[in-house]
């Protein structure tokens, strides 16, 4: 059985011109979105209670994770449904090294990022060539393997199902980062740095290569893009960012346990990226907030919450498969370079 | 005449008490006490029962005029049984400026919340989190009215060796915080004695249904008692598959296995005679406080609570109120000190309550339950 | 040795069920190139429908047990097949031109929806098949235990698998399925109605899943709305092991996975069992990406 469906794999080509018409408007609307977001986030600490600030801290953490998954799933189109495994590796690296050697958390953030990046490279290198949906199953498998390993407490390292304590705190010029407001600043500063880097990355050679690989791997290969390298790089960077986010999470929660890194958490991240609009940064940020706030709003319908959620996923794919805030960058590029 | 006068006095008091609930200007500000529990999510039924229990206590206290002349108010926080939601719920309690918090149910869910309460100096009294590690972190503001896993583990060890006369014991857990904690707690005292030995120790994965492989391996070690520390759904399957495989060892479950579903899944013929170690069920409590409380619960909700835990939530609420009453203060540090040192043998629904220096409840009351002919659990005599 | 034989029998029983469920994955994948994440839920709902028919409708009917079981299985099969066709109609058909990702996400959505719908209908607690519904007989042959249910499960699965294989290989409809699996457009040129073929796939797959659901419900008694997902994942792994899109492959993969699990849990450790299963899956995909009997799965052509 060969690929009978390759024709259907690139719907973008047909609709590219139509989308490109709105692309300029969309670029400026991204800027507008970021401006509004920044304004809201700056005003918020002056009006909101600690509780809502805390909700926004977790929104920020979710945003960091979703943006890191977006590199893998959105930019390169690799179906990774085990992203919380890398997040777990980062958080556990932090907890173990902090507990045993008392290393400074800022250093650990880098170390955890590097460990997760390395894990991302080693674990996914052998499976990178798999077709999309196989990759999806393998990443689910990886997620489960890592979670079960954490529970089984190998060499007494991971603390088993109880998890580990993280007693150290981030310090900046002698100030301890502790209250929800401190974390709010820390997390959203990280989001800002990440956003800046991501926009740079998207406009770079690498970013374009990624999109090319996503849209048409064979054509990309034939024009000299090393697809294997491009995919590996995406996985490494995405995993690294998730790992560094793990440090923030560990410091915020002070306790980490395998319960936080389940397969369901990975599915949630996957859904955020898809529903937000694969490859779309504003969409992903919006969706990661919506996932956190909606359950709060829908509390009265708690029993029906996940039912609606499933329904929404189906309806979204039927009526708005491009997501809440579709990414138009790729089509813009095509227009500028004279189309395909 | 005197009776008429006292009736009139009572009416006046009741009216006053009711008036004190009406929030008009100048009314006493209520004392806010938080209840953090899994109101939605997989343990929603536990959260709901805990709320029902706490509500009864609060209603009774308010009907009797509140504490320090102020009514008490329950602030509900839903942690959905998830660590992250737990941190959020705890933060919400802090924002609401509650005096103290009852909660929560799950151990791994409780940890992040306890850390936040500790930092904000808010007394929190857990009602269902039994993991040992919770009280081994030097927290000053964390207490619990339920007992620790290791106490149940010790109870099992003594029960198996002395009462059942076991020589070869197999322990199976389910890799959850709770199940593994209890298994380890049972393993330690058993390794420290010489009358019986632990011949098998392994874990199953919750949610699975076929345990024939692990049971087959276990049967090679010839155990005479099998202790399973996980939940009822798997417990029911394990005992049934044991019997199908003609493994005759006595089955003992931990307190998470006590549930009517256990009998339904295992089948009555198989379940009959199975033993469980656990806290006394609400209906088996024999303290004066418990009878009245359970009667009220049945009156309101039609049936007694179906698990032991919610009653510990009621007790947690009661000790917090007692501490406020006794110290005449809502200051966290005062309350914390009183709970550690001042409160001795407080008459709770689940028996006398005192806390040790770690915030653990002193003493331990466990019973061995047995499944009887109609599939009901009764204390084994 | 006795231990080994016992494990093999247990493994074959579980494996037979994996195989039945895996067939649903493999057929849908073969024809539509879609991982139908909702397939595990068909299996779960099949289990519940069988339970409801037995407990609510047939419990006091006075019919002989074998007839009751037959009716319950038939009712569950029909119900789930209708569900399968409706899901295809509503959630997959509109997406046939929208690329793979959209369909995968839609399948995930359907899975969430069905899981929660089942939770609302049958409750979040465990349900149990009544004790009278499952024959308890157990034989001991040379100290090897084998129960009636195990024999039944293996026999029914074998029968269904052989039947399906014959159907696909020998009948016109089967030929149409195979042609569509190779190429939709060419199949259409040959006068095959691709929509009909897909509908047929969504009748057969869910129906097999439903039968597996009832059998497993009788075997373990306990049913829960979350089992669809875990069995689905295992069955899908089995389909890949055997080579996805390949019907004998799914059977082989299912049986193999069942045996591997039982031997792993029996000889090594139950706690590490799933890690071993996924490790084997990954190693297989690295060293023999076609699966044991199947097509190429690597992206490069």
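By letter and in written order, the chains are A, B and C; residue numbering begins at 1 in each of them.
We adopt the following convention: contacts are C-beta pairs under 8 Å (C-beta built on N, C-alpha and C of every residue); 3 or more make two chains touch, one makes a residue touch a chain.
From a predicted model like this one, the values you see are computed outputs, not experimental measurements.
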- By number of C-beta contact pairs, the top two chains: A-C
- Query: Looking at C-alpha means, what's the farthest chain from chain C?
  - Reply: B
- Task: Return the distance between the CA-based centres of chain B and chain C, expressed in whole Å.
- Result: 40
- CA centroid of chain A to CA centroid of chain C, Å: 32
- Query: Where the CA atoms of chain A average out and where those of chain B average out, how many Å apart are those spots?
  - Reply: 38
- Task: Note the residues in chain B that touch 2 or more other chains, in rising order.
- Result: 44, 175, 203, 205
- Multi-partner residues of chain A (each touching 2 or more other chains): 148, 151-152, 303
- Task: Could you list the positions in chain C whose residues touch two or more of the other chains?
- Result: 271, 274
- Complex contact set, residues of chain A against chain C: 1-5, 7-11, 77, 79, 126-127, 129-134, 136-138, 140-142, 144-145, 148-149, 151-152, 217-218, 267, 270-271, 274, 278, 303-304, 306-307, 309-314, 316-318, 321
- In their complex, what parts of chain C are in touch with chain B? 3, 6-7, 10-11, 14, 124-126, 128, 131, 136, 138, 140, 145, 147, 216, 220-222, 224, 226-227, 230, 261-267, 269-271, 273-274
- Message: Quick check: in the complex, which residue numbers of chain B touch chain A?
- Response: 39-40, 44, 78, 82-84, 87-88, 91-92, 94-96, 107-109, 111-112, 115, 119, 131, 133, 137, 175-177, 179-181, 203, 205
- Message: Per the contact definition, I'd like the list of chain B residues that touch chain C in the complex.
- Response: 42, 44-45, 175, 202-205, 207-214, 216-217, 220, 232-233, 236-237, 240, 244-246, 261, 264-265, 267-269
- Task: State the interface residues of chain A toward chain B in the complex, per the touch definition above.
- Result: 49-51, 54-55, 58, 148, 151-152, 160-163, 165, 178, 180, 252-255, 257, 259-260, 299, 302-303, 305
